Structures are given as structure tokens and as C-alpha cells.
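Two complexes come next, and they have one chain in common, chain A, joined by chain B in the first and chain C in the second.
Entry: the complex of A and B
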């Protein structure tokens, strides 16, 4: 167990503001009723400690649209300019599900061929987690082992103890942040740690949704041809929301956008969705023709392929967002429950 | 910071050759000599080709690694990027990153007879392997090359096909689906119809099959009927690809990435993937 600190809740803003000369500080804040991540510079009075943000902080590591290169043609020569984003960011209030999501993204983007763009952002991003004292509406993180309390993948981890936070240090970078404003922190007592353990236990018992992960794993080899894929995908309207809202979905397209007037083009990558028909479209044919196959791909990618390729890390964090946003009421816990 | 895995290298188009109707072969050299000297590949590997201001597309390498100092791509102009590539001229610059993918087995199939069955532009990746095998001729037994196209004008590498046919212990058989009035004297029928015309020692032969999915499907059925073992039928898989590096997710099937773990699979491996060719 790493060292634990205590900071008064009223001092959180002071702690975070102290980081702003060196970092863009990102916090969850409410906009038009939706809890989103945004810059502290705009959010000060409204940091939300209660709910799980509507969207994960994935955007800061794998933006929805990211410029990779500019190609410029000048007198027969071509100039290739890469755009690496190395802006230093500190994100506070990342829920355990989303920390797990980043762990999954790290496994994918920082192994074998290291993704240059993801790496540039990731190395310059501080992750400050916030444990969940209550389950969120659709969440089933306790079944996935990703929450409601985080165990790794953070620089600092906060637990809400009422008028103060218990702070666990997860890395040297996290420790350095505390050092900057050491006078705000005191050493945590055994009582504080005990209270945190108690909160974790209570929260785990309060979950309404659950998934039997062992059963799902055992069913993977048998469920391929099951009728459930066709049945469960019937109400899909192909909006791609389940993918776009997911903390682990990382599939992307690469596209060149030309500027005819200056003989230059910008190569961008942007999120794609395996639930959309075009995802597997080639010049001659589409290799995944039915929505049933596409739904099966989404589930197998998360529960079979990612674990098999990346040391058991799962492609689902149990955050429940895909259930929340689906206009067709497709519920991943129902699907997983039907896999037998 | 590691090397930017998405950065295309600049390559110069040294030569453009009309290969067949709608198909051109590009001879390329790296602009940066150091990159060119370090560039090595196996037959069956591919690269991501950039036509600047248009986009990127995965294309297999058709030259043999035995050719040093340059490499070749044979491209059918069928999509946005490949049609734009067809408009490029000698001296123009394009982008290339690679090689990617596993490539064909080579050492693993030594001392076998080799049967190639190709359709249309599917001969392009096999040509790399065929020429590599001919440069190490004594390692392999009989080489039979069966090649078909929809009609005669679509047959690629005509000069080389004639040259291969004259080499020792090798045979080349051609066919077309239909022959309009252009004096075609050869076989008419799908490429599978050539199989009964060659003598094959099934126990000691490895088959390489490459072409459009429908052709691969039927040729493999023929080979299985003849008694070929599933692990001795080698083919290639085509999937939508963006990155070529196992990140973008498009070519993922059954736990594998066609760009990393493929595009070459044995028929036995294909069965384990779940999805069809």
C-alpha cells in the first residue's frame, strides 16, 4: 500500500489551481445538465464530486479528430510535417472505470508498434482518480474488477470522506504534485483508511447490475452462432453511440483532407464505429454484412480479442455508458447474461 | 520518443509500366538513401501507399526481395487512391510505409513441390514469392503456376509468365473466363479448371492461392476435394485497413489482425478465425 494523505475538500481548488502554470487542469463540470470534462479555467465553482461524467476523458488521449501530418508540395518537393501534441495536462476526477479504460488504451497503443501520437499525449498527462462511493445508474464495474475503487493506473487517487479527501499516491509524478503544495496535505490516519475501506464495501453491496464474467469467458467458444446476436441487434439504429461513448473503443479511420489552393493536405484520424456498415466496406465488398455480426464483433473484441492480445486486460470497464446512450435500449449486461 | 509509426517515407516513381488493362506496375526507390538501404521485406508483405493530397491504401509488394535498390507495386486502379496513383508519372513522389504483415512461408515449405493458383491482380503478391523461389531454385521441387483472369487483356506479367514456363521443372498454365475475339488460343474456364491438367503429388505439395475472395473460395474447395491438407493450403485475406499496425481495428477478426498476423493464413488458420474469406 502506497502512502496515504488527507486534504481538506475546500482546499481542492487551491491544490488544482497551483498546477495551472504547468498543466492544463481538466475537471468534471456540469454544462446544460450534462457532466463533462473541461478546463478548470472555466469550471472553478462547479466541480462535481457526485456523478460519473457522461463521457470518459478519452478525448484527451485519443481525440475524436486528431491531425497527424501536413503534407505540403513545393516545386516538386514534398514536405512531411508531423503534429505531435505534447501539451501537459492534469486530469482530476477520473472514475475508476475510466482509469481502467486508459489502462486498456495503454495496452493497445503502447505495445508492439508504439502509437506515436497517443504516447506523446499520454506521457504528458497526469491522471488523478476519484473513487465512487455509490454505484452509478447503469454501472457494473464491480463485476468487471475495474471499480468502484481503483487499484492502479493513477498518479493520485482521491476518496471522498465527507469534508476531506483521502489521497493515495500512485506514482512519482503524483508525489511531485503533492510536494508542490505540501502544506495542504497531512498524513492519513488509520481511521481515515478504515473509513475508506468501509465506503468501498458499502458501495460494492449496493450495485443493481452485475455480470458473471467467468460465465461470459466460458461461453465465448460456444456463443458464436447463437441467435442472440440477431435478436439483440434488432433495435440498433446504427448511430455508433455505444462505441463513441466507450472508454476503451479506439478504432479509427485515417483520411487526407486536401487544400487545393495551397497544394497541401492534412492527414487526420478520427473515431470509427464497428457498429456502422461502412466499417468493413472495401472496394469490392463488405465483409461484415449483418448487424448481428457487427454486434458480435463488438462483444468479442471487448471480451475475447483484447484480453487474448493484451495480457488479460478487458475491453469493457463496466461503466454502463453504452446502455445509457443507446436509443434502441440495447443493454450489454443483457447480452452478456444471455451468453451461456 | 520513438519513431513516428505513421510517417510515410518519400519514394520516387522511377518507372511506370502498363501491366494489363487497368493495372500499372510502378518501380520505386526511396528518396532517403539510408531508408532505402535498410528496407527489406518478405514476399507477401505489403505497405501503406500515400498519394499525396488524396489518401493512403494498403498495397502488396510485387517485386522479389532479391532485387536490391528498388521495389515494385502492381496496382489496379479501382479506388480513390489507386486511381489517383494511376495518374502519377515517372519522377513523381509518393509516400510509402512498411513493410507490414507476416508474408508467405518460405523456409517452412522448402523441399516441397509448389502449386500457385492465382486470379487477376492476385498474381502480384505471388509474383514476389515465385521470383524469390526461382532465385533459390534448388530448395524447391516442381513449380506449377496456374493463372486465370476474366478475359485475356486482364492477364498480368505476360513476359514473366513465358519466362517462368521455360525454366527447368516448372510449368505455367493460363486460362480466361471468357475470350472475346482477340485470338485467344488457350484454355477457357475458371482457374480451378486447370487443376486436373497438372500432375500434382498431393502429399508433397504446398498450394499458394491468391485472388478475389470468390475465386479463393472455389479453388480451396477444389484443393480439399483433391485431398490437400488444410495446413498445406496457403492463402491471403483481404480486409479494410487503415493503419496497417494493429491499432485502427478495421481488419480485426477472431482475435487476429489481418495487417499484423496476416494477410497470409493457411486454410486451417482461417477456419479458426470464424469469419469467412
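Entry: the complex of A and C
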């Protein structure tokens, strides 16, 4: 385990810019109050911020719309051209909730069945996390064990100590990045590490939202028929937002777009949502006809099925985005709190 | 990837989000957290409704009809043909033999230019658009009562209302971010009154749901007015200082007891009384309405009744109150503001007013016609009569959206010359002589005006597909072929011209819009915009709002022995109007791949039809076959069909019965019969 480093805040951009010939560097940037991820090439990075972009960085590994391959038929022969994206990218400013989310996605896409598209992107993406010194508006990651400070799943992990960052090295790839501009980094002192621990403790104490995860786990077997699902889903308008902005949601749909004018078809993968009726529509029936059943599915998938299938990793990082994005004002912490 | 902030192309909420563009394709959507209406939220159409932009079916070149087929043409060929034909028809039959349908989907700049083209180049006031079919009742009804036909308050204010009265609006499906504010208000303790013949999603959150018979809205509200007066719940101070006509109203509703209202509407008397008490005693009560009350032969009456209700209780000109029509299209408010209407120039300045007309004549450098033109609904009859020879349609699909489809088809086929400008070969475009390929909202710059009068930027994210052109460019280029120069280097310049001629838009410029939307009236460059109207006085001449005693008139076509069911039409949240766009989005198509008719279980049993079975629905105009959706959220004797599906077109059944003043069709009521198969 390498030693921890220190880099001055003022030097961060220099460090990131140095990466640009070999990587597309992605950073958080803010426009008119909106925090988004963007390429360093055209976005001035936001370095001092409390919150996180509403759309998590999972989209760099699993895009909202991804052209998988194109195929044409010329004189009876089928020609296929795959579009694996192997461009190297380095993302800075990933919050612990999103690092945990990527860990969950790795479990799903890189286990017994390897998703080659996800794999191509994942293998070429460097993750640079940024711990949270303050809870964000809706977050409850401290209850989920996924934040506010990360413990794993990063190549580099930054902690904001005021005028400087403490930098933890999580992998060889991370170490290589530091080597490129070694002169910018000094060794972290015990004081630095102590300060970081202080900040983590302070942050944990400041959370407004919490969830009793043990109680939720215990309640899963009893809550299936509870009236709470119908009640909590009353205002759901089937926007899909809760799935789209979730760091662990990953369900997708595949469509072939046939262009008869150029005699070619493209197979495209899109984000999908289990909250939509068509998600489980089959030839004769829809197995989840009501919004209550779909809300229940979302919760059980995250808290029961994913942990059962993927060695205890939980399908919820406590980032609170689903609360923010919901036009129906549905709050997952209320739902979890009602499960007894 | 570029991330471009823009305004949604679908409904009148006017949400903003970022479009992610990569390799000149729209590939992602990012909610806008700082926007006061969308607040980081997006409905399903906003998230997944943009795939149509890259559909292989997009029109990529102009098309010219050769017999039964279309052949690709160059822009020069298309422009030349259109210019020659319009010139010839104008010479032979006069300017008024030509009409133009503008587009509630296109930008303000485009609608402004198109009405300018119609008036300055063609020389007629025959310009109208689909607002005729949805909120023309609102424009007239609220103009007469308040002086201004627009939503009185802003969307965020709804979140702080004490009482919300939703009538004729399925808000969760049609204006999802307005529904969000209603949900917020209810969670804060607000009471929600719903008046709708169907149970809607908001009914689950409602304090009281009034399930009145379709078309009995005036009776319902008159009953409520009667109770408010009888129980002394009138805001006397407001009535005396801010209104006129109270005595006439009082007399007019004196006989409309809740018992009488109950008889007509079918709503239990106690519920009418309860609703009246809740609305009248709210600290700030807000009325929200939409098509359920506007699309009637009594559409104007229905709107004026809502105005009566708000004025009687002092719920206008204050925060979180008002009469709030939810404009449907992304820019139907703007298209009206821009004068794409037969009787007014931009800013609702009457064409018959000599002084105002001269102002426009000076600005545009030509003499302008002074006679009001025809409406889109009136135009259909004129086409059949042979008076209207040529029609230029931008971004509208009257074949599927107008009532009485057979009548519409007959009318359009009678034309000597039809030009359709659209992004797909719609059912209407298929009948055209020339088709011009316009672009989607992602391929051009401009502005849209939302239902809360907020003017916002639409920003180009990708290049036009194929050889298509931004609609504003097409209009200016066509104009030059007809000898009238329209020289603008960008839509921003068009907005500057609009601002000079339209008081309510005077303070609006692209520079200012960079920091966010501006709600008109915005009369000067330092004016912050106006969240709610009629604060100190009504915009009506004299400054007072006017009460009108509205008599109850039943709908034009009611069920009888031959056609024993009432048909009401409407929408679902996943498809957009004639579904030209949304049926090319897999997510929307997957939810509703085909049309359906909602039937009450008792009725279904009676005609021997179960859920999913085919039903033939027939009216005096035509018939369609579609699947039954047996639900208990609809009254016995009533059926509901969404109008999105061309092969099961609800408008094959609807009648062109119009409100006498607004000329809006009664989409919401007609008589049908149902048969198995």
C-alpha cells in the first residue's frame, strides 16, 4: 500500500491538464448553478463544491445511448462492424457514492458474463474519487456504508483539506498518474491524515437523512404485501428518472434501427426503466401491472436481489438522487423507514 | 460530448434540460437543477422522447409530387414552384384564397416570420394555428373577463397554494411538472379539488373528486357560485374594488342551486357544496384547467365561469391564486403572442385597428390587409366550398388533429396547391404538392414561450439532418423568391424586431435570456418579467375584471337511441398529439403501441366485450376499430379514446361542432355506438 500524498489545490488543474494528451479528462463543471460532468477540453472544472452532478458518471461506462454495432447486407453477405469504445479517459471528482455505484456495476457486468462493451470502457477508465466533507442535500450514504468517505474502488482518492488535497493511491494505474507529475506531490504528514479523519467524522455526524439498513434487511421478507407500496407510489408519473440517475441502476433495452435508405442497421443499447409498464410487458400479460408492484421491484432489486446475487454488494449507494429527481416527490428514505 | 441547455420540445411546462451531443447526434439528457419549473426533474418524454430526431424516416430533401409519388427536389426547384403557384393563385383568385397554418411547435421567431410572410407577402390575414383547437376559448374567455388571455400566475406559485381546483386537466400525464407543484402543495397540507368525468391520477391525492357529466362544467360552476353567494363566502372587498357586473352574476346564478347543478351534472349535492366551501375559504385558491373545459361548443362559457369563480372569491392578482390555463404545446403561447392568429398582429394588436396596422405597415414596408382572416376550423369549410385554393402548413398535422377526419381529408384534397413543411412525411404531408424538410428543436436556435408566459432559449445542439433547414431560414428564403426581402443573420435579430413591435416582449433579447427565462409582460430591458398578472388592476380596459352571467347550454351532440354512448377524447402521457414524434421513440411506442377505448366494466359486460378485445366505435362521421381497455375509472355511458393513433383515429369520430365565438371544436363530447369486433 503506497504512502499518501499531498497536492496543492492550486496545482490540481496542472496535474489534470498534463493527462490530456493521453486521456480524455472528465471533471465536474458548473453552469448557471447546474453541476455536470464535462470534458476538461471545454469545461472549466469546479473544484470547490459540496454536491454532485445529478447524472452519475456511470454513463461513461454504460452510456444513455450506445451504438453497439452496425451491420449491412451487401449481395447477401452480412458485414458487421462493432463499436467498442477503448478511448482512455480519466474522471476526477467522483463522489464515494458513485465509486460504490461503479463497484456494483462491475459486479454485474464483469462477473460470470462479461459485457464486452462495458468492459472495454471500464478497462480504459481511471477513477479519481473525491471524498465528501459535508453531506449533500438528500444523501444518506453514511447509513449505507458507501460514504461519505470511500474505502475502495478508486485509482486515486482525493480529500479536500482546505488549501490542499490528501491523495490516496488505490491502484498501479493511479500511481502511474502521480508519477507523470511527481514534482507536484509531497508526502502526506500524520497531521494531514489526522485532519482527513476529523473531516470524515464531522461529516458523518452532520447527516440529516438516515436509514436503518439492518432493519430494512430484516423487514424484506415481511414487507412484500404491505400497503405501503400502493401508498408511496400514488404520485409516480412513470418518468423513469429514479432509474436513470441512480449510480447502480443498469437495466437496458436494445433496439435495431434499420435505415432502408442506406441499407444498414445499427444495434443500439439504451438505458431503460423498470418503472415503465412496457419494461415487463410480454406477449399476453404484464407481470407488474401496477405502479405499486414496480416501486416494490425497485426497492427489492436494490436491497434484496442484488445483494443475494452479488456477494452482499447493495444496489443503493444512498446518494439521494432519486429523491431529487422525482416529480412525484417520492422519497426512498420514507419508504425504507416504513419497512418494518 | 457537448452539453447544451435548451427548452423541451413537448409541453407547455417549459422545462429545461441539457442535451448531450456527440458525433452530431443527440445521445443523452441531463436535467437542469437550477430551473424554477423543472428543478432537476424530467418526465419520460424529456428523458427518452428525442430518438425521433435521428429516425431514418426524417425528411432530408424537399419533395415535389409527381402524380401519386414524390420525387426529391432541390431547394431552388421547390422554392420556385411554390413561388410560381402562389403568385398565380393570388393573381387569379386574390390574396384571401390563400391561407397559412403556423406552428405551435416552432419557435417564436418562426411564427413571427410566418405571419409576417402571410400578411406582407401574400397579403392576407388568413393565418392561424392549432391554438384554435385547444385554447382559443381561453384567449377569448379571459380577454373578456380579465383583459388578458394568459395564465395569470406562475407554475412555482402553485406549490404554495392553499387550495387547488383542477378542472379538465389530467395534469400528471399532460403537464407533469405542474403536477409536481400540485403534489408539493398537497404534501404541505393544501386541499385538492378535482372535477373530471374520469378518475385521474391526481384523484388519488384529492380531498374531493367531482365526477360530473361531460359538458356540464357551466352547471357545476354556477352551482358552486350559487353556494358561495348563498353562504356569504364572497370576497366583498375584492368584488367591490376590483370588479364590475356582480349584480348580473348574482341574478344569473340565483336559480342555480346546488340541487339543480346536481341534477344536470350528476354530482351529489353535498359534494358541490363541499367543493364550494373549500375553494372559497382557501387562503389562496388556484384554478388549473385545460382541454377538459376548453374543447367544447361552450368552451368560452366554461372559461368565463372559471374567471367568475376566481373573481368572486378574490383569487386573482395575488400570489398562488389565479386562473391558470395549461397551454399544451411547447410554444402555443408564443405562437399566439407572435400574432399567428387571423385577427391580431403580434402582441394581440388588432388588424382592424388603423393606428396599430399603420405601425406594422411602417415597420414592414408594405400595405397590410385590414380584414380579419379565417380560422383553421373555418378554413376547412372554405376549402370544400372552393373559396380557399392554396394552403401553406408549417409543423401541423390537421389530418389527425382536426375533428371529423373525413371532412378534413375532403377539404385538403380540394385544394389546388398544398405546401407542408415538417420533419416527417405526416398524414397531412402525404397530401401535399410540395413538402419542405424543416428541423427539430435540437437543430436550430430560437425561443419558446411556456404556459406561464416565460420566454426561454432553444439552443442548437446538432446540425440539420440531411439537407433540411431551420424553419426560419425556409420562410426567409421563400420570401425572397416572392420578391420580399427578409434579411436576418440569426433568430436573435428576429427577436430584436419582435421586441420593437410588441410591448410585452420589449425587454426581451438573447443577451438577457442567457441568464434565464423572462415572463412577459417584460416591457423594458431592465424589467425583470412578471410572475403573476392583474396585481393592482386587471389589464381589461378600465382596470376592472368583469363578471358574466353564463347560462347553461348542453353540448351539441348528445347520446340518443342510435348512438347511446358519449365519446370523450384526450391524451396519454407517453404520446404527443398526432404522435409524429413519439411513435418513433421506442420507449413511448412500447408503452402504447396502439390505440384503445376506455370502457366502464358494466358497459363492457353489456356489450359482451372483455379487456383487450376489439371494439368497433361508430359515430355519425365514421368508424374505427380498436382494443377495449376496461377500467372502473370512467363513468357508465362514457368512453374515452386518445387521439394519437392514425390507424384508430379518434378524430374520425369527432364532429366539427364549434364554439360560436372561439371556433374551437367540441372534441370532448359526441355520440357513438359500440359493437363487438
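In the analysis below, the second predicted complex is superposed on the first by the 333 of 340 C-alpha atoms of A that agree within 3 Å, B and C clash if a C-alpha of one lies under 4 Å from a C-alpha of the other, contacts with A are read in each partner's own complex, and residues count from 1 in each chain.
The criterion applied here is as follows: a contact is a pair of C-beta atoms (placed from the backbone, for glycine too) under 8 Å apart; a residue touches a chain by one contact, two chains touch by 3 or more.
Remember, it's a predicted structure, so these values are computed and weren't measured experimentally.
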> After superposition on the shared chain, which partner residues are touched by A:33: those of chain B (first), chain C (second), both, or neither?
Replying inline: second
>> With both complexes superposed on chain A, which partner does A:253 reach: first (chain B), second (chain C), both or neither?
In response: both
> Which partner does A:263 reach: the first (chain B), the second (chain C), both, or neither?
Replying inline: first
> Of the two partner chains, chain B (first) and chain C (second), which one does A:281 touch, if any: first, second, both, or neither?
Replying inline: both
> With the two structures laid over each other on chain A, which partner does A:186 touch: chain B (first), chain C (second), both, or neither?
Replying inline: neither
> Now for A:109: first (chain B), second (chain C), both, or neither, which partner does it touch?
Replying inline: first
>> Applying the document's definition of touch, where does A:73 land relative to chain B and chain C: first, second, both, or neither?
In response: first
>> Using the superposition on chain A as set up above, list the residues of chain A that contact both chain B and chain C.
In response: 253, 255, 258, 272, 281
> Can you name the residues of chain B that touch chain A in the complex?
Replying inline: 1-8, 10, 50, 52-56, 78-79, 93, 95, 212-213, 238-240, 242-243, 245-250, 252, 254-255, 260, 274-276
>> Quick check on the complex: what are the chain C residues that touch chain A?
In response: 1-3, 5, 18, 20, 25, 27-34, 40-44, 46-48, 54-56, 172-173, 176-177, 179-180, 183-184, 187, 201, 204-205, 515-516, 573-574, 586-587, 590-591
> Once bound in the complex, which stretches of chain A touch chain C?
Replying inline: 31-36, 38-39, 42, 53-55, 59, 63-65, 234-235, 237-241, 244-245, 253, 255, 257-262, 270, 272, 276-278, 281, 324-329
> Can you list the chain A residues touching chain B in their complex?
Replying inline: 68-69, 71, 73, 76-78, 80, 82, 84, 108-109, 112-117, 119-120, 224, 250-256, 258, 263-265, 267, 269, 272, 274, 279-285, 287-288, 293, 297, 300-301, 304-305, 308-309
